[in-house]
Amino acid sequence: MSNEHSAHGASQDHVMPVRNYLMVASALFVLTVITVAVAQVDFGAWNLVVAMVVATTKAVLVAMFFMHLFYDNKLFAAFFTGSFVILGIFIVITMFDTMERDRLYPEVATPIREHAIIYDDEGKPLKQNAHAGEGEHGEAAEHGDAAMEHEEGAAAEGGDEQGSEDATSGGH
Amino acid sequence: MDTTATFWLPVPASTVAQDIDALWSFVFWISTFFFLLILGMMIVFAIRYRRRAGDVERLDKGPSHNNPLEAAWIIIPTLIVLVIFVWGFRGYMKMTVVPANSMEVKVTGQKWFWSFAYPEGASSVNDLVVPVDTPVKLLMSSQDVIHSFYVPAFRVKRDVLPNRYQVAWFEANQVGEFDLFCTEYCGTSHSDMIGKVRVLSKADYASWLEESTIGAEGMDPVELGRKLYTAKACMTCHSVDGNPGNGPTFKGVFGHQVEFADGSSLMADENYIRESILSPRAKIVAGFQPIMPTYQGLLKDAEIDALVAYIKSLGAESE
Amino acid sequence: MADSAAHPRWLQHHFTSAGQQRESAKLGMWIFLVTEILFFGGLFCAYAIYHAWNPDIFHEAHKALDWRLGGLNTLVLITSSLTMALAIRSLQVNKAKLANGYLWATILLALTFMVIKYFEYAHKFHVGQLPGKYYTYTGIEGTSPHIFFSLYFMMTGLHGLHVMIGIGVILWLIIRNRRGDFSNAYYNPVEMTGLYWHLVDLIWIYLFPLFYLVG
Amino acid sequence: MSNAATHTEPLRSNLAVPDQIDEKTGLPRENYIQDGGKGLKSWLLTMDHKRIAILYLITVVAAFFVGGIMALLIRLELFLPDEQFFNADQYNQLFTLHGAIMIFLFIIPSIPAILGNFVLPLQIGAKDVAFPKLNLASWYVYMLGAGITLISIFTSAADTGWTFYTPYSSSTSTSVIPMTMGVFVLGFSSIFTGLNFIVTVHKLRAPGLTWFKMPLMVWGLYATAIIQVLATPVLGITVLLLTLERAFGIGIFDPAMGGDPVLYQHFFWFYSHPAVYIMILPGMGIMSDLIATFSHRKIFGYKFVAFSSLAIALVSFLVWGHHMFTSGQSEIAVMIFSFLTFMVGIPSAIKVFNWTTTLYKGSISFAVPMLYALGFLFLFTIGGLTGIVIGALSLDIHLHDTYFIVAHFHYVMVGGTVMALIGGLYYWWPKIWGRMYSRTLGVFAFLLVFVGFNMTFFTQFILGARGMPRRYFTYVEQFQPLHAFSSSGAMVMGLGFLLVAINLWWAIKHGKPAGSNPWGALTLEWTECTSPPIPHNFKETPKIEYGAYEYDRVIPTMEKQG
């Protein structure tokens, strides 16, 4: 596996002319300017994709030439890309969970705070949009609704002893 | 369909339990078969090819590889586990998709007790009462940390998260009383956060429901206070017979001097009790932890008066 | 193991040749860089998930960052990467003195990076755009912009910490270089620090667009 | 190198010729214990992988007994339902410490750091691991991490379980931060060992030792090192985020501030599932060596067993969600994780089948290490098959967070890794110290461990299937008899482990000298090294004439019944 070389003599590694280094550096500068320019224009969600593409090309340039991956043992490149594959797996499969939680029941995904009332005062299930229930809280007539209301209360005026003191109060 | 507990599994008391128990026995018997196969091969080879006294060392004549055999014991287990996967996933979807006409009960998990809110306005603590043969949808949320709603007899389990609703459902197929456990570790009394699921016939359920909602007006306050003392889980921390639990006992409190953690003290009167119900952290009795959750918004004024009357009655008795 | 002339001081006893020692050192360094990538990766995953959950809040919150300072920092870090690479190259052609010059340049650029970062942080502390419960800034609407700043401070803070570690290691290199430890036959430590430094630059190449440009 | 021709003359059972043997001790005069330097300093500053292995041996076995005592206390408490010896908080702290110490301080470093450090360089014909200084640093970082973790015992120990689930872990008043910081530091020790092994296997193999001539123990350690290097950093960031959440309230996992506790579980299990393969893969490596050596048989399907290690290492990164089937994941994620969990089970099945087939037509000796290997096969098969049971979604809904899960992971961890570790310790004890252990005490201790283990944990399968939740301080009356039986089994197992330690401790000084190859093994550490080996392992780099298990080409030496 390891290439046998004499201990002395010019180093075995590939010596790149200074000109190459300067070219790579200037390419990186240009790409930076490009990514800044492109970001000024609003493509909505595409902005992220474009920014990532440019960042990845810059990263590949740094890895290939500054870090000599291009000339070195392919094993290093394998490990390097392997780490990005594992990271990609981690992000993608976790997002399979985080982005798909409301597939069956919409109320399961969004935090409770936005859903003011699931039940109206008489306790009948009231399917309506979140904000309609904002106004008419009135006296907490019923446990189910009340649990919602004081969850709300905890967020609004903050910090008093809703539930166990430090978990849900969020000290504003 | 048998409805008795087997050696391994508790009584299958919900409609989905049958399907799960069927998959359980399928996987159980396949596992037993493969276990005995491997164990058998191991024992037979170990005995048949054991080194006997006087054996001289010789070159190994045994096979060192056999690709068809390897392929066999890769493909066959893969097929079997695929069957188990599909069966398991279909069972899971049956347990997740709630039937349309289900009755909705709102469940709130809180540090160390469950409270249930029924659509007709009734509420109960640690005691879920449901009619038999009707699907019950549970809309669950937690007030503090993650708990997990688990009824072994119904094979239902779902974590109860503090910032989101979680949905679970079951349809009890036999009348009876079943254990309810919290299975996500939630602190000191995680093992006390247990309750009962009482499945009643439709008639009994209707009478229980009507009895537990309208009963509140006509009753005298002390009687209502006694009922609320259990219904609202005061008894999980406060005793009425004098010995301290997680919280101070109610016996002999009213009309007496109470020492507080910060050294001050006060004569226990109605507003002290009312304040301790609504904002318990305001005054902490010496020697106790500030762990009481507030009942702000959980109790109607009439109920608070009833509780104060009940505690007052406990105070007067000890004179 | 007779101590022959062909056995220079820096060749460790359990390696049969300098090439084997160098290849082992490089492989070891690359694996360490893999752990760094996954260490930062956890934060990038948190960023991806919270960005996906509330993209509009993230977009609003990123306006609070000054992309000009970010851009300047990117250029500074790329230049420091260049000077580091040139430092290694000059050692490869046995010019130790030139290498020291480039190493000093790298440290200077790294310090500039940290100073710019200090101004950015000072401004945020002053205005109150801080993580979690310390968030008191009211300029950004949306339910929880502090998540953006939690992630911002954690990722750029951890990156800044790695820059400072890099500065310390390069200083140690300069001392060893002045003592004459390195030549074209043996410059492993410099090359390893170079790999580490380029990775720190590479991570900033991703941080800059995510926080300053897109948000 | 002639591959077809058989290597006719049998191996020498003792490389050290009589005049090199010291009459008084009966061991070769030149060995790493005497000649590596005198006094404590030579041990504490050693660069020799063999001495670092012994440093790890002492500290990791100590951690095992501390964790083991806590396990016995837990089982003692659970003998009867209500409070017996500890109150609820103390019980919660006990099971947290039992989990954290057993996992982070014992089982993750155990086989790689003790047997791996000692045996890997010997098995590939190297003088030492690639980075000896890093190897010693790994031990010191381990001690630092262990120290920090143990601080939390004396400052109101954490009561969150070894999983530190938020929001409980970020809101409890117990000292969680020392434990999470201890775990953070321990992660680096694991990374250093993993990194060292990968570079050693790639770069320091003796010339001629190709990948398929290496022992499968080296494959196991290599696959483990890959996971250690790729997964442990994510544990580092998770624990760091948790500490920041607790200390500064950054709101990443705190539901009140828009964070999501389930996301913490994703982060935690992304490391912790690959971590269970860090625990089992070295055990599987030892298994291949033991089964092949004690059957004097070429391992059946060498390539399949080797590649299944790598397959496990890679697929283990895809399945972490099966720890969270009931915790509120989306149905799509749950389906993906369940499917992939079944796929990760297949390579383990391949290994078990190949080991069992290796016994066919062998000449099997029931030396104590072989007893533990057969015990491993028995227990690990049960552990693996119950893994299939809880992999099925609808069953896991019923079984999650019950004693069924506790039984499952104890079957694969204690029944798998600990049995393999003890088997490995018995197997390499003559090589490490040059002396043989007592067979009768070894067999007796094995029976105690095996019977005690099954008494303890098979009953927990029944408890769990009947619905007994995990981490319960008190439990409903109906479960009491099974708990009592399980607790008594734990006492038996504990005694068994104690006898194993006594046997091995006694053998260090008083065992009969074992010679360099008491088992008739073909791997380099037996054929080319004296027992105990010389400081630089080999007089000159060994020439490789046959592969690790080529019993069909080499006649092994007569085995001394051990």
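Per-chain numbering from 1; labels A, B, C and D assigned in written order.
Following the convention adopted for this analysis, a residue touches a chain if its C-beta (ideal position, glycine included) is under 8 Å from a C-beta of that chain, and two chains touch if they have at least 3 such contacts.
Keep in mind it's a predicted model, so treat the numbers as computed, not measured.
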Practice item. Determine which of the two chain pairs, C-D or A-C, is joined by the larger number of C-beta pairs in contact. Key: A-C
Review point. Where the CA atoms of chain B average out and where those of chain D average out, how many Å apart are those spots?
Key: 35
**Study point:** Separation of mean Cα positions, chain C and chain B [Å, integer]
**Key:** 49
Review point. How many angstrom between the C-alpha centroids of chain C and chain A?
Key: 20
Exercise for review: Indicate the residues of chain B shared as contacts by at least two other chains.
Suggested key: 96, 144-145, 162-164, 166
Review point. Where in chain A do residues touch two or more other chains at once?
Key: 2, 75, 82-83, 86, 90, 94, 98-99, 101, 104, 108, 111, 113, 164, 167-168, 170-171
Check your understanding: By residue number and range, which residues of chain C touch two or more other chains?
Key -> 16, 20, 23-24, 27, 31, 34, 38, 41, 45, 49, 133, 143
Check your understanding: According to the definition of touch, which chains form touching pairs?
Key -> A-B, A-C, A-D, B-D, C-D
Practice item. Under the touch definition given earlier, write down the residues of chain A that touch chain C in their complex. Key: 2-13, 15-16, 18, 21-22, 24-25, 28-29, 32, 35-36, 39, 45, 47-48, 51-52, 54-55, 58-59, 62-63, 65-67, 72-73, 75-76, 79-80, 82-84, 86-87, 90-91, 94-95, 98-99, 113-114, 170-172
Point to revise | chain C contact footprint on chain D (complex, rising order) | key: 126-128, 130-132, 134, 191, 194-196, 198-199, 202-204, 229-234, 236-238, 241, 244-245, 248-252, 254, 257-259, 263, 267, 536, 541
Review point. For chain B, which residues are in contact with chain D within the complex?
Key: 5, 7-10, 16, 19-20, 23-24, 27-28, 31, 34-35, 38-39, 41-42, 45-46, 49-51, 55, 57-66, 69-70, 73-74, 77-78, 81-82, 84-85, 87-96, 144-146, 148, 150, 152-153, 155-159, 161-164, 166, 179, 181-192, 194
Check your understanding: Mind pulling up the chain C residues that touch chain A in the complex?
Key -> 6-8, 11, 16-20, 22-24, 26-27, 30-31, 33-34, 37-38, 41, 44-45, 48-49, 51-53, 55, 67, 71, 74-75, 78-79, 81-82, 84-86, 89, 92-93, 133, 143, 184-185, 187, 191, 194-195, 198-199, 201-202, 205-206, 208-210, 213-214
Check your understanding: How about chain D: which of its residues touch chain A in the complex?
Key -> 167, 170-171, 202-203, 205, 230, 234, 249, 251, 254-258, 260, 262-263, 266, 270, 317-318, 321, 328-333, 336-337
